[in-house]
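Chain nomenclature is as follows: A, B, C and D, assigned in order of appearance, with residue numbering initiated at 1 for each chain independently.
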Amino acid sequence: MLIVMHHQATKEQVDQIIAAVELMGLTAEPIPGSLRTAIGVLGNQGYVDDATIRTLPGVRETIHVSKPYKMVSRDFHPVSSVVDVAGVKFGDGHLPVIIAGPCSIETSEQMFAAAAEVKAGGGQMLRGGAFKPRTGPHSFQGLGVEGLKYLQQAGRSQGLPVVTEVMRIEQLDTVCQYADMLQIGARNMQNFDLLKEVGKTRHPVLLKRGMSATIEEFLAAAEYILAEGNPNIVLCERGIRTFEKETRNTLDLSVVPLVREMSHLPIIVDPSHATGKRMLVPVMSKAALVAGAHGVMMEVHPNPAMALCDGAQSLSGADFAALMQEINQLLDFLN
Amino acid sequence: MLIVMHHQATKEQVDQIIAAVELMGLTAEPIPGSLRTAIGVLGNQGYVDDATIRTLPGVRETIHVSKPYKMVSRDFHPVSSVVDVAGVKFGDGHLPVIIAGPCSIETSEQMFAAAAEVKAGGGQMLRGGAFKPRTGPHSFQGLGVEGLKYLQQAGRSQGLPVVTEVMRIEQLDTVCQYADMLQIGARNMQNFDLLKEVGKTRHPVLLKRGMSATIEEFLAAAEYILAEGNPNIVLCERGIRTFEKETRNTLDLSVVPLVREMSHLPIIVDPSHATGKRMLVPVMSKAALVAGAHGVMMEVHPNPAMALCDGAQSLSGADFAALMQEINQLLDFLN
Amino acid sequence: MLIVMHHQATKEQVDQIIAAVELMGLTAEPIPGSLRTAIGVLGNQGYVDDATIRTLPGVRETIHVSKPYKMVSRDFHPVSSVVDVAGVKFGDGHLPVIIAGPCSIETSEQMFAAAAEVKAGGGQMLRGGAFKPRTGPHSFQGLGVEGLKYLQQAGRSQGLPVVTEVMRIEQLDTVCQYADMLQIGARNMQNFDLLKEVGKTRHPVLLKRGMSATIEEFLAAAEYILAEGNPNIVLCERGIRTFEKETRNTLDLSVVPLVREMSHLPIIVDPSHATGKRMLVPVMSKAALVAGAHGVMMEVHPNPAMALCDGAQSLSGADFAALMQEINQLLDFLN
Amino acid sequence: MLIVMHHQATKEQVDQIIAAVELMGLTAEPIPGSLRTAIGVLGNQGYVDDATIRTLPGVRETIHVSKPYKMVSRDFHPVSSVVDVAGVKFGDGHLPVIIAGPCSIETSEQMFAAAAEVKAGGGQMLRGGAFKPRTGPHSFQGLGVEGLKYLQQAGRSQGLPVVTEVMRIEQLDTVCQYADMLQIGARNMQNFDLLKEVGKTRHPVLLKRGMSATIEEFLAAAEYILAEGNPNIVLCERGIRTFEKETRNTLDLSVVPLVREMSHLPIIVDPSHATGKRMLVPVMSKAALVAGAHGVMMEVHPNPAMALCDGAQSLSGADFAALMQEINQLLDFLN
């Protein structure tokens, strides 16, 4: 950490800071400048809680050099991680994974049809939501456990591992029973209690970026899971909230190569939720793969126009099959 | 809802839309324009789920006229609500409520000292966190139930009702036992399961705005609580995330008069979390009251420089007493 | 335009609105709903200025259906435009154009070296800034006209058309003399006087998106140029300002397929300014091409470590040559 | 500046950085940490251009301690500045200045009526736009020089100094002739050439914050003017662009006390443009004054419903008179 003093800070103020840093068991190294003094803080093993320091007289600002995460960082774990979900592998050295399926699980028939389409197109995993976070309480909220069963059965019928969102701790055991991979939704990315409980399982986790989360916060959220002992984490970029409203969110594809440099964890992209527009899903899926994503998750629905949720961003089975052909050619080219 | 067709949409496409709207049990009213056709949708009793429509050929966009909330709206409940927290009243016709106390509950002594300072300064409620959401897992996470006891005892010692955050459903019964008011933190504003459970109690709730929540989403979150039967909701503006980093968040004070017009629920302001800077708390507290806030919540700590969390934004007891004098004069003036 | 009335608006208020709309020479079509009345406005040939209407009693909001642009819209000009810059063509049916060169023009030697590297790598146009917008007045501000000469001579030496930024109207004649294409920088995207003057020439224009401009504002800025008679406009996405600071801006690649659908104008991407990190330029360039960009502009400097401006985002000549090999393979694949 | 090295940076890389810093005539002070090395850069007289350094191997990031401005900083000019506009004084020790008038100058009659209303209400300065920046080219663009004459005559008729926007350098002489204060609009805050030319005059300047400008960029823009020798600068907060669309922009009132601490320049607030809603102007004007603003600028129009521009945010003369009564009482209270 670097402590920057005010231009007019006195020597006494500087000395008081140094004493406070040493009280924390750390070393203070003054760096006198021509305009102001800065004080380097040394000896910390990670992120320093600077609340005490920032309040002392003469301090203009504190600047963190360490990050609020460590185990997810490539600095401390240089080798890329591979996450195995019932035989499907996410990470360097493996082909990108295509996850597809409807936003919401609606009926058994719908899920069997979706699974067949995903399999036929060449997808490797099936998705579907049984518990749905919806902005208003008057919208469809999901089928619950009944839906989980449909999901599992549909996945098994085609040999596709399944991923679904877990929204609260009490659902965790149940969801673990039916799902091969747990999804933490964007709204729960900083639901730290849920992250910790998920971290106590060894179930693979798909952690979606919060809609206003910085990369630093995203990685720190993964650290919560890893710190509890669960290393099976796949990150997922799904768009951030900005002033632009023409798309539902702003897909931040640069995060893919950045996260690949900063962390050893795999990262995939969800263009359906990011853009909110079916028309953009194929092209942004391919852009994500070229950007280095370890996979793409997209919404596919047997009958998008009748979907109870987010039909506007769902591909039909035929759309999906056509896109998969293009994706497979692109992956051939990239290899 | 208004459905806007593409410039080149055909008559067949318009007819298909009309049929789809009627299938939903609603009425479609075409509005032919010189450049394009729009179709008004009538007969809905609230927010229309437009996923089906948006996917049909010829549709350029759908525009919602109804909002995803209803019971929190002043349209449907014109009289301002007053929320009573163990005798302290939030709402029109009552003096703004000052809530103060430390960010985190650290020790029994700290809480008794804080309660004495809050009471001496003229505050009406005591706050303190027993369960702390922290960005990284390596920071102090709160004292838990032990902390709740300190908070309750300290509040009772001075006759101050207490408010504290509930972070997960399993904590709800316990927190209800010790706290007079439940706080839903910004990170949980869209934790819909938690909102619903809180809605099943009749405990007063302080609902903080999510850091990237629109006003519409903020009110829709309150609707989740109200829809379950709990009308005792106080809203709290605490800053939104923007590109500006000089303050921790950007305090959006305009939301106060806006929410007062749009909803019957009371709204208070938290300048400590919004700005992250102690220096800004007094001035922004007063600005919030002039903007019409029904209360202000601020961090006060017996020894801010030693606070385990957010000391940089905490006032000392003496700071608080001085500020309360100014606030009381301001409230006298405003009345 | 749709005018949405308050829930409790009276019949008199609705009638007053209808009268006001008719005063504007337009037609008002009331759409009575179960909760509120809306009024459709018909007969307008474009964007309606709603200032008058929004102020009348009973109005809750006005919703624009028409856009503040028309000539740039694909609705009114369905065929994709091709922009010719001294023989280099931007647009559908032509290979994407690679524009490269240093951020700032520093010396004649630097520009000749850069031009040789761009040509050798396979770039089709040369860029370089003679007038530099810099956040603070104490940074290098550019070489001015001397720089323009270096740019033109260097471009000619390799047969590369050149593009450079024009920052003020008085520079326009001079820049037109030396440059084959005029760049309007992000900070000037809404410098409407400059746009109009550029619109009076027939010089090809590269219009960069403002850092907080919506797509609608971006297209409306292009409309300023087109409305004056200059159709030779190439749009350029260069990142938008968001809360994320790990990259300089957030590259919004979804804008590429969106603009291609909404407008007939070609659009290219500048990953150097968007990301601010050299490491991200190659991968995001390729992602941009897959997303459908009609070109990519990137910073290449003979000696990035010695660059007077933005060296951190510049590729060396060798980096550029290696990237161009990958890009050419990708373009072969895409065709 | 602080240079933070990668975790695995070698000693050779650290030595290369030190050499590069010394080549710049500065001193490098290595600060070895337990996890990584940082290097302090000393001896600079201001902002260091770090482009060269950031590109060297082993560097993770550079952190600026100096700011891109100096003369506008209170560090270097501790005494608050007072700006005198034809006898009206902005700054500490003077009553806040109320500037009012229409968005656009429309007719001579309108301006004389507006001036009379502003004077009658107790406003001290008259505003009005002769050159209007409008998002689309098909909107009213202003009366030009004819409008400037109306503005000046109307102001003189009531003894009110006048302020109006200058949009391009060629207008500068003309605008100086008619206006007592030059306004730089939000879209031109980083039109550095215009800032420099305005800096060469000694005319008082009202510099509006850009809609996505950080405080640092805002002060750096003022530095451009000051660096040319013109110290007569009044800053103006007018809302920033965020994801929230219920208000036109998000009024960032915290910037007022922050700028007052960071700079010696006076700062005022424009609640009309910030909120875009007439209903919010009175309450946010008062909040701004309590936050410490040295003035408020608001839109007042003799007939808001007939305004050619932004009528929705304009007060009528009667509204203004009522608000001024409240403001005067508030100012009495604050003193």
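In this text, contacts are C-beta pairs under 8 Å (C-beta built on N, C-alpha and C of every residue); 3 or more make two chains touch, one makes a residue touch a chain.
Just so it is clear, the model here is predicted, and its values are computed rather than measured.
K.L.:
Among the chains, which has its CA centre at the largest distance from chain C's?
P.N.:
So the chain farthest away from chain C turns out to be B.
K.L.:
Of the chain pairs A-C and C-D, which one is connected by the greater count of C-beta contacts?
P.N.:
Counting C-beta pairs in contact, C-D comes out ahead.
K.L.:
How big is the gap, in whole Å, between where the Cα atoms of chain B centre and where those of chain C centre?
P.N.:
Taking the mean C-alpha position of each chain, the two centres sit 38 Å apart.
K.L.:
Where the centres are mean C-alpha positions, what is the separation of chain A from chain C, in Å?
P.N.:
It comes to 31 Å between the two C-alpha centres.
K.L.:
Using mean C-alpha positions as chain centres, tell me how far chain C is from chain D in Å, no decimals.
P.N.:
For chain C versus chain D, the centre distance works out to 26 Å.
K.L.:
Among the residues of chain D, which are close enough to touch at least two other chains?
P.N.:
Chain D, residues with two or more chain partners: 46, 212, 216, 241-243, 245.
K.L.:
What does chain A use to touch chain C in their complex?
P.N.:
So the residues of chain A in touch with chain C come to 212, 214-216, 240, 242-247, 250-258, 261, 274-275, 279-280, 283-284, 286-288, 290-292, 329-330, 333.
K.L.:
Could you pull out which chain D residues touch chain C in their complex?
P.N.:
Contact set of chain D toward chain C: 46-47, 49-52, 54-56, 68-70, 131, 133-141, 167-170, 187-188, 190-194, 196, 211-212, 216-217, 220, 223-224, 227, 241, 278, 304-312, 314.
K.L.:
Once bound in the complex, which stretches of chain A touch chain D?
P.N.:
It comes out as residues 2, 4, 6-8, 29, 31-36, 38, 40, 42-46, 63, 65-66, 75-76, 78, 241-243, 245.
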